[in-house]
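Read the structure below first, then the notes.
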């Protein structure tokens, strides 16, 4: 089978869209625009990583259906962004992004085989492994996060912080921290599915509420550092893998709330060695809540489709 | 099916008893008394967590048999105790204990599904995950554990330290550090099964011996910090999951001894980020020794019952 | 079945040889000589650990075929070396090496059962668990590794450093850091299989290249700290588990390259608590690349034999 250039472009855009569990090329196009609002470097490395990962999957003989759905591109895309955000632009970091993308393809095949028999999806686990290893192996500046203590009161946010937190919770899915990037991503979700956009927005709100109740620091809430995992969990459980019912909506809400302390703990754990939680909290929470679902006898809390 | 108030009370007490792998409501009653000797806060939050976890399991439609055996309560109970021990009494921490208990119910379902096919029990893994995440996400005081160096000689304990270590190794199963709490727990075990009480006592002695041979610091040995996992392993392998024979007794003893360095390592690893081993060393050691058992061809080293 | 003394000796030597995935007693003999070049302590504790682990496996009733192939000895051998390297010679450390070897036998049975159904080999995972726990539980000196920053340029090595790195990448498989030990090990591999010796040499070269491109510090490259996992991965994927084809050679090369950042990350992560990566990067990388292989449709990237 040969692919026309248009097919190649569509697979590439789908690879970017699959970061938010969407197979729509139009969504991917809007996501790509959002990447370039973060700077040309992020856009170029994101596309480079997605292309490297997809190409490696094709060369290694991975499943063609998955390739054409963009399932071999999204981890490479995120890895490319993570590489350039940390290490900047150079021939060495471009080579690194390409090799890291190739390793993502192998890890996606391994995760798919190991978890497929349990009915669990790969999600962004390959990206988290590769980006986490590179972050700790190639330290840049020493971690400078100021310690903080949980407050005995709610964290209160200004209107500006609230708006920024809502948008950045979505933007940080792609490691972006500008509010308009988050809005473009939300529009991209809306193009593919109204359900997905609503789920993402609800996940962002749930994360802000939880973080404020926990007394987490306001500036980090506003940067979206505690909320992007909740957005992804809401997309996965609220709009992708479970049948929407009031039961499954409540189940997804509990999962989204649970990601906030998990993200805070992972930040505290990973920062001293130069790491980052990336989207591990999303991956782990979604796996556990999907694994539990068949044992729970309520309408909607069961797999709609395996991916 | 509807439950009478007496049934509800029995399930609640069984939930407390299952912390030590017992389904006896009388054992649960004595365990609850032991909790209240640690202060009313610990007793109330322990019962609150057990109730929240059990209720969440019922609402989510988990297996009714497991609920009535108390299997949905013990992780919530321990999580409630861990929450109040760290963060004190307030409306926020009560809400936290309830939500954390609900997450325990989901994690118990997930762990049961993932490990059930391997024939392995859930044990306290959900509690360890939830309590560990909260401990790292909500730091209280910075960790102040003084560093120490292993001594080239045995640690020698005074008679008082020895007695305290024996009792606190049992008490720390419920995060309690008063000697009489440990004795009440031991009586509670005796009510349900003489075999269980003997196993717990032997586990405590084995842990003290191992810790002294390793040259671990005497004050921490006396606080029971190195021994509660050995007590639980002895209960699990010596009195619950394996058929008692001289072979399986030796196997359980090797496992109990192995938990002491594992607990010491986990303490050293978790303390800098504000964490604690909780009962991870027990969970991991029991899983590995149970997973190995069917491959080992000796009488008694095989599953008596899957739980 | 009874074993003659000659059988016992052969099993013992095979146990040493299996560290590098070889069942040849002659290879084991040369490996044992290499151990003694590191000092009599290392040789004696390596043999003691291998014997303890094998004996424990026999006593516990493990599979006899595995025992006679040396598969119950190699983790105990490495654990004995790790114990004496850290804690020195004494009756206590000898007891520790024996008990740790016995635990290795249990962990090998557990890992074999859990991974066997996935078609994955045990590798050195039991050693990594036991040695890692002991290293963190019994801290010796505080970690004094100087921090470093990745350089924007390639690391350049002198000819002497290059030669030492090539040899020590092989020697560090047994925690040895003398260049002639590495050469004796290479000869030992050559005795069993030319393919294995070539794979080990290529793995060492690939690791040096990768480490230089990453800008890792020259003195550590020369000590072999970044390369021994690549040597083992090359042995496993290039000469043991996959059918040799150009495809599988490239696959093994990608895996060997990937171990270098993984080892660097593990070093940075483990050192502050007194730990070490040991051969975890080899184990994890080999598991993932083997798990992915059946999903990849290229000649040679499929299991030659399950071990």
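For reference, chains read A, B and C in written order, and residue numbers begin at 1 within each chain.
We adopt the following convention: contacts are C-beta pairs under 8 Å (C-beta built on N, C-alpha and C of every residue); 3 or more make two chains touch, one makes a residue touch a chain.
No experiment lies behind these values; they were computed from the predicted model shown.
Engineer: What angle of turn lays chain B on top of chain C when you fit their CA atoms, given in steps of 5 degrees?
Structural biologist: Superposing the C-alpha atoms of chain B on chain C needs a rotation of 120 degrees.
Engineer: Could you check if the interface between copies chain A and chain B is built from the same residues on both sides, meaning over half shared, or from different ones?
Structural biologist: Both copies touch with mostly different residues.
Engineer: Rounded to the nearest whole Å, what is the centre-to-centre distance of chain A and chain B, using the mean of the C-alpha atoms as each centre?
Structural biologist: Centre separation, chain A to chain B: 35 Å.
Engineer: Scan chain A for residues touching two or more other chains and write them down.
Structural biologist: 272
Engineer: Mind listing the chain A positions that touch chain B in their complex?
Structural biologist: So the residues of chain A in touch with chain B come to 118, 147, 149-150, 152, 213-214, 251, 254-255, 257-258, 261-262, 264-265, 268-269, 272, 287-289, 291-292, 294-298, 301.
Engineer: Given the complex with chain A, which residues does chain B contribute to the contact?
Structural biologist: Its residues touching chain A are 60-63, 90, 92, 95, 99, 102-103, 106-107, 109-110, 112-114, 132-140, 142, 272-275.
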